[in-house]
Amino acid sequence: MLGLSKKDTTFLLIVIFLTMATPILLQPFPEGSAMATFNAGYPDLMQRFAIFGIFAIGFNILFGLTGYLSFGHAAFLGVGSYSVVWMYKLLDYNVLPGLVLAIITSGIFALAIGYISLRRTGIYFSILTLAFAQMSFNLAYSVLTPLTNGETGLQVYTDDPQILMGENAPNVPHLFGLVMRDSYQLDLGGWLFTFNIGYYFCAVIAILAFYLSLRIFRSPFGMMLRAIKTNQTRLNYTGLNARPYTLAAFVISGMYAGLAGGLLAAMDPLAGAERMQWTASGEVILMTILGGAGTLMGPVLGAGFIKYFENIFSKINDTMLHGWFGWMPDGIEDAILFVSHFFVGKSWHLTLGLMFMLVVIFLPGGLVEGAQRIGRLFRRRGRKAGGPEAEAARQRNPGPAE
Amino acid sequence: MDAIILQVLNGLDKGSAYALIALGLTLIFGTLGVVNFAHGALFMLGAFCAVTMQRILSASYTVIDETKTDFLGNPQKVDVPYVEGWFGPDIGTAIVDWSVPLAILFAIPVMLLIGYIMERGLIKHFYKRPHADQILVTFGLAIVLQELIKYFYGANPIPTPAPEVFRGSFDFGLLLGFAENTIIYPYWRMIYFVFSLVIIGAVFGFLQFTTFGMVVRAGMADRETVGLLGINIDRKFTIMFGIAAAVAGLAGVMYTPINSPNYHMGMDFLVLSFVVVVVGGMGSLPGAVLAGFMLGILEAFASMNWIKDIVPGIDQIIIYLVAILILLTRPRGLMGRKGVMEE
Amino acid sequence: MGILEVKDVNKRFGGLQALGDVNLSVAEGSVHAIIGPNGAGKSTLLNCLVGKLIPDTGSVMFAGQSVLGRKPHEINQLGISRVFQTPEIFADLTVMENVLIPCFAKRDGAFRLHAFETVANETEIGEQAEAMLADVNMLEKRDMVAASLSRGDKRRLEMAMSMVQQPKLLLLDEPTAGMARADTNNTIDLLRQIHNKRDITMCIIEHDMHVVFSLAQRITVLAQGTPLVEDTPENIKGHPKVREAYLGEAH
Amino acid sequence: MSKTTLTRRGLLKSGIATGAGLAVPTIFTGAAWAASHSGFTNAPGDSEVVLGFNVPQTGPYADEGADELRAYELAVEHLNGGGDGGMLSTFSSKTLDGTGILGRKVKFVTGDTQTKSDAARASAKSMIEKDGAIMITGGSSSGVAVAVQGLCQEAGIMFMAGLTHSNDTTGKDKKANGFRHFFNAYQSAAALGPVLKALYGDDRKAYHLTADYTWGWTQEESMVAFTEDIGWETVNTVLTPLSATDFSSYIAPVLNSGADVLILNHYGGNMVNSLTNAVQFGLREKMVNGKQFEIVVPLYSELMARGAGQNIKGIPGSQNWDWKLENEKGARYVGTNAFVQSFGEKYGFPPSQAAQTCYAQTLLYADAVARAGSFNPCAVVEALEGFEFDGLGNGPTLYRADDHQCFKDVVVVRGKENPENEFDLVEIVEVTPSEKVTYAPDNEMFAGGNLGECNPGA
């Protein structure tokens, strides 16, 4: 189906199902219960899962397949966001023109930056991309303020032209009248599920993005990219020109990043310059490696993992801790609270840092490897691990450091 | 002319910090082949050695002063440092005043130990792993280290002044025949510059003139062969990691009077020092030092007003711009070797 | 007129004259060996043929076209394939994929954005690759990761990768270097078999006289960057200049 | 699209029979409950109301965020009738009686802005969408304040700004649902002008170093205008990168430029570093044009003063509030001592100006709801607009209807020469009365914005 093998079709169907059921799956705890804090099924976070999933899938096409580690992908994220907000300002709140423009402008940016940066390999390439992205960020924050609105972030003002704006058109982002922030709520005996239009919009695009990446992974083009990662010399002497391949991968992944940036602005009509900072590039690298570089689902898992920590763990405060552990004797409660302070609330970064270390030490293949290990536990011994991820995992570079 | 001399001075001193951090980064990379994203954190830990020293020296006991009241109207509690109690207020104050230089003595063993533990406990297991894994694990470590510091010392910068005698600045202009106040330069920054030259010289001398250094240099060039010769290169590399940590730490200690240390200062320097290392050329120690000073001076020049008038915002991007230009004209940076981290 | 014509090629590295006035002609359909002691310039010559180095002077013509200034992948597209001294393969890919890639390169040229096609659906190319793997007796290993192959298998895989492109000229850089005698003989058999079956012109750079005399129809002896003689194996065997060049060499 | 729906909180707390799959369209997590509490986002149930405290918990402003959070927790405690009641007893409006807000117990959720507009908005959205917060407050930078204010306007939630000093927050970027208690760059400069004249005379040459982003520019613009008003000459204005940590190359040329005053339009880490560097270069010991060289830091904060250590001594600047205000300047600033007392008892040290502004904002919101008799943002906006109050530590204050900016006295302070303890870092030089720092709503530094209509959301 869809030009995929049976195995891949099943895989895609599972991914589609999981994506569509996310609003239910991420609300495992009843509303009002002590564990409700750990629910993640609210629109903003679900949108972020999908959007950063797209970002990471795109990054993985470059890094996972070719091994070129770009430290500058945040620049494309930012360019995408700015494009969308500018379309709001000039045309109207329909997200479609903006998203198209986001993909085009980020593609052009990626072509220019990639064309220059890909003249070098290894860390020299990484630093070139970093330099371009940092220049973009620094300029966007200061000198380019007329274009980016600097520190405050680009937003729509009432006196903007918005030439296509109709009489009754919504003044929030929408797709032909389908307002992104609208939600349907379903209440099931204490469980509350929110089905948000914006999330489903992102989810459909994410599935398309995933499908495209699956096709690329299985295509001759994808094979060439993996060949570039493992032995570029051989590739050259086999009659293939590595440069256009890497450039194409760079531009494709840059367009993914632009799309993700555009979607960020489509969900929330503001584009901040911090999106272009190196920390944002670092984040997508971490997502990809954490989930499992070169695997299909890994980057998405990594993205979800990091965004979950950022949004859920940072919100845990003393009052909540007290609510959970208040029944304990005072001494023990204090001890637990003291230890918790290292990991939640304002210390959520520490938990994240520890997770990075633990995953990379014990699961060199990232979270996907963890999932596979668990999967193997449940399967009969001796049976060969199958499935598209096993294939992808095998494809990943198992060799030692160069 | 005086403006140019002034910015060269400023650049040298910015460059000293870049060069010292890049030197340590290159040592670790060159010897161990590990991309250490926690190197900035080591710099930060060094700076907090100075803070800790200051805290230790001013460890106090509390005396209740009935004549005064605090902000709540209760009797004022006055902290009296133990050193003042022991040595009298004058000598006591002087000792606290000298906490930054004293912290050097404290930082060397601490940083060597931290480096040793890091290498044996963590980095060792990552020699044969891909660079991406090294980046992830050391980045995780950097976050953990800086969050721990934040937990115990807060997020706010902590003032760690230089000793009284080194405050103020020296008028170079008078020396060179310019008018008064044209070229002034703080004493502590001169000390920092000299200090960095001493450290750089010591590291180079150590590598050049000792047997230990010879083995390490040989190992940097060809690890396997040296291993085959029956030399326990791993042990030497552990020591090298300790030394690199100590270099970063000392750079941090001495930097504290220039800028008050805070928990994220390591991250602020991390990206720039990577740029410096790469511009210098991966694996080249002289390259790292040269690039550090060069970028420092260029950054200082770019902040001159008339240059900013011509190209607005140039001071924001100069380092990156130069990095791009150098990497495009010299594929492996200023002095990089072929085949190092090009895959 | 040979398929490969090297005329007056000179190459200097600083003060060292690596190649001096090299002239060479490889006849179509022949197996031509280039021998010479260490440092004779064999590898430099080879690198000039495949585009890794550019000669200071002289010309290299292949099938009537100059290869000078062309990039390695362009030269490959002209029909020159190369086998390395230590096998260069795509270690992280499967054996089958290793052979598929040159097939695609042959069909689609140096670059094509075939990102929306599926490798599995390219039946024609798949059959080509399978046939090639069968030729080198590696079909049952098609799904193994290339890195896990034995050294001999890696060599055979690399030859399969070169051969499947049906090159007009196959350059082999010491194909038996570091091999045991039995392996060497297997390789000789393989090469002979390939030559007979596919009629590919070969140019072998070799150290091992046993290999050279088993395969080559013509031999060029290189010493200090200059060709000493070019002749048939029989004539080379007792040639005084050759003995002179190899004197002191432990052969 | 039908908008009849039930808020999650109202639904659950009221124990309405649920269980049947009940899917109803809403806008945001829209709400409809009791007749007086319908038609706006996140209308609270009968028993409790949720406020969202969105402060920096990581990044350079984390300590300031922590202090804001302390103030919020204190305010919630007081609103719910706990503690000693703090400024509830001194506040001129007497609607708050320690029974929560409109009889509902106040609960709160916290989040981390990371001092990034993106993260701040994400955190605020989760408070609105997940936790059902009715009001968002906090923040420690103008970029974040403007971003979150915009979000709240779109979502139909009240935004009570924390520490934000840029003119834009109630100027170019003002929003109907947003209110700022903190003062702004214009007011800083207006308050400093006369004091600077008194301190350093009217014949001075000023050199500005300015952080290169929106807040820095508005601060510089204001300072240039007011120093030129008192006869000073502006020698140069130089922008410095936000990411700069070492300002030596910007400070070194200052002496040579003929300037005799250096104005540092920096905040946070930038301010600590630039001031430390300037003192290091010995600028303050120099004589230029026959006058002692001086440094001015327009916006002061206690935490930054602590970071700069002894470098801050004698440096003038402005503050929104100081904990010594009532003791030193009299009963006009009533409330100050009550607040300091309850804050100090609970946490062991005096509150910062950020804490005071956050505490006041929470009380002001609660009071406005109580006076309006409704949580509906439009009712709250109406209650706050033009509201005149006293007893929150700043003296008589006006929440101006035109731009939702508070007008009150501005404190001009100076780094103390001999601090008695680590919290006693500044001395109050003067308090500039509010009429001196009041400007017309259409002042050109605030031009370009539009409050728009209040948005109640669903």
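Points to keep in mind about this one:
Labels for the chains are A, B, C and D, by order of writing; each one numbers its residues from 1.
Following the convention adopted for this analysis, a contact is a pair of C-beta atoms (placed from the backbone, for glycine too) under 8 Å apart; a residue touches a chain by one contact, two chains touch by 3 or more.
Remember, predicted model here, so these are calculated numbers, not experimental data.
The chains that touch both subunit B and subunit D are A. Common neighbours of subunit B and subunit C (chains touching each): A. Of all chains displayed, A has the C-alpha centre closest to the centre of the whole protein C-alpha set. Of the two chain pairs shown, A-C and A-D, the one joined by more C-beta contacts is A-D.
Seen from the Cα centre of subunit A, the chain whose own Cα centre is farthest off is C.
Put simply, the C-alpha centre of subunit C and that of subunit D have 75 angstrom between them. Here the CA centre of subunit A is 46 Å from the CA centre of subunit C.
Subunit A and subunit D have Cα centroids separated by 33 Å.
With each centre defined as the average position of its C-alpha atoms, the distance from subunit A to subunit B rounds to 34 Å. Shared interface positions of subunit B, i.e. residues touching 2 or more other chains, are given as 150, 313, 316.
Within subunit C, no positions touching two or more other chains are listed. For subunit A, the set of residues touching two or more other chains reads 138, 142-143, 349, 397, 399.
Interface note: chains touch in the pairs A-B, A-C, A-D, B-D. Contact residues of subunit B toward subunit D in the complex are 2-3, 6-7, 9-11, 13-14, 17, 68, 70-72, 76, 150, 154-159, 161, 167-169, 181-182, 184-186, 188-189, 257-260, 262, 264-265, 268, 299-300, 303-305, 308, 313, 315-316.
Taken in their complex, subunit B has these residues touching subunit A: 33, 35, 122, 125, 127-137, 139-144, 146-148, 150-151, 271, 274-275, 278-279, 282, 312-313, 316-317, 320-321, 323-324, 327-328, 331-333, 341-343.
Residue ranges of subunit A in contact with subunit B, taken from their complex: 63, 67, 69, 116, 119-124, 127-128, 130-132, 134-135, 138-139, 142-143, 278, 282, 285-286, 289-290, 293, 341-342, 347, 349-350, 352-357, 359-361, 364, 397, 399-402. Residues of subunit C touching subunit A in their complex: 50, 71-73, 76-77, 81-82, 84, 88-93, 97, 100-102, 104-106, 108-122, 145, 147, 161, 165. By the touch rule above, subunit A contacts subunit D in their complex via residues 31-32, 39, 42-45, 48, 138, 141-143, 145, 149-153, 155, 157-159, 172, 179, 181-190, 192, 194-195, 264, 268-270, 272, 274-275, 310-311, 314-315, 317, 319, 345-346, 348-349.
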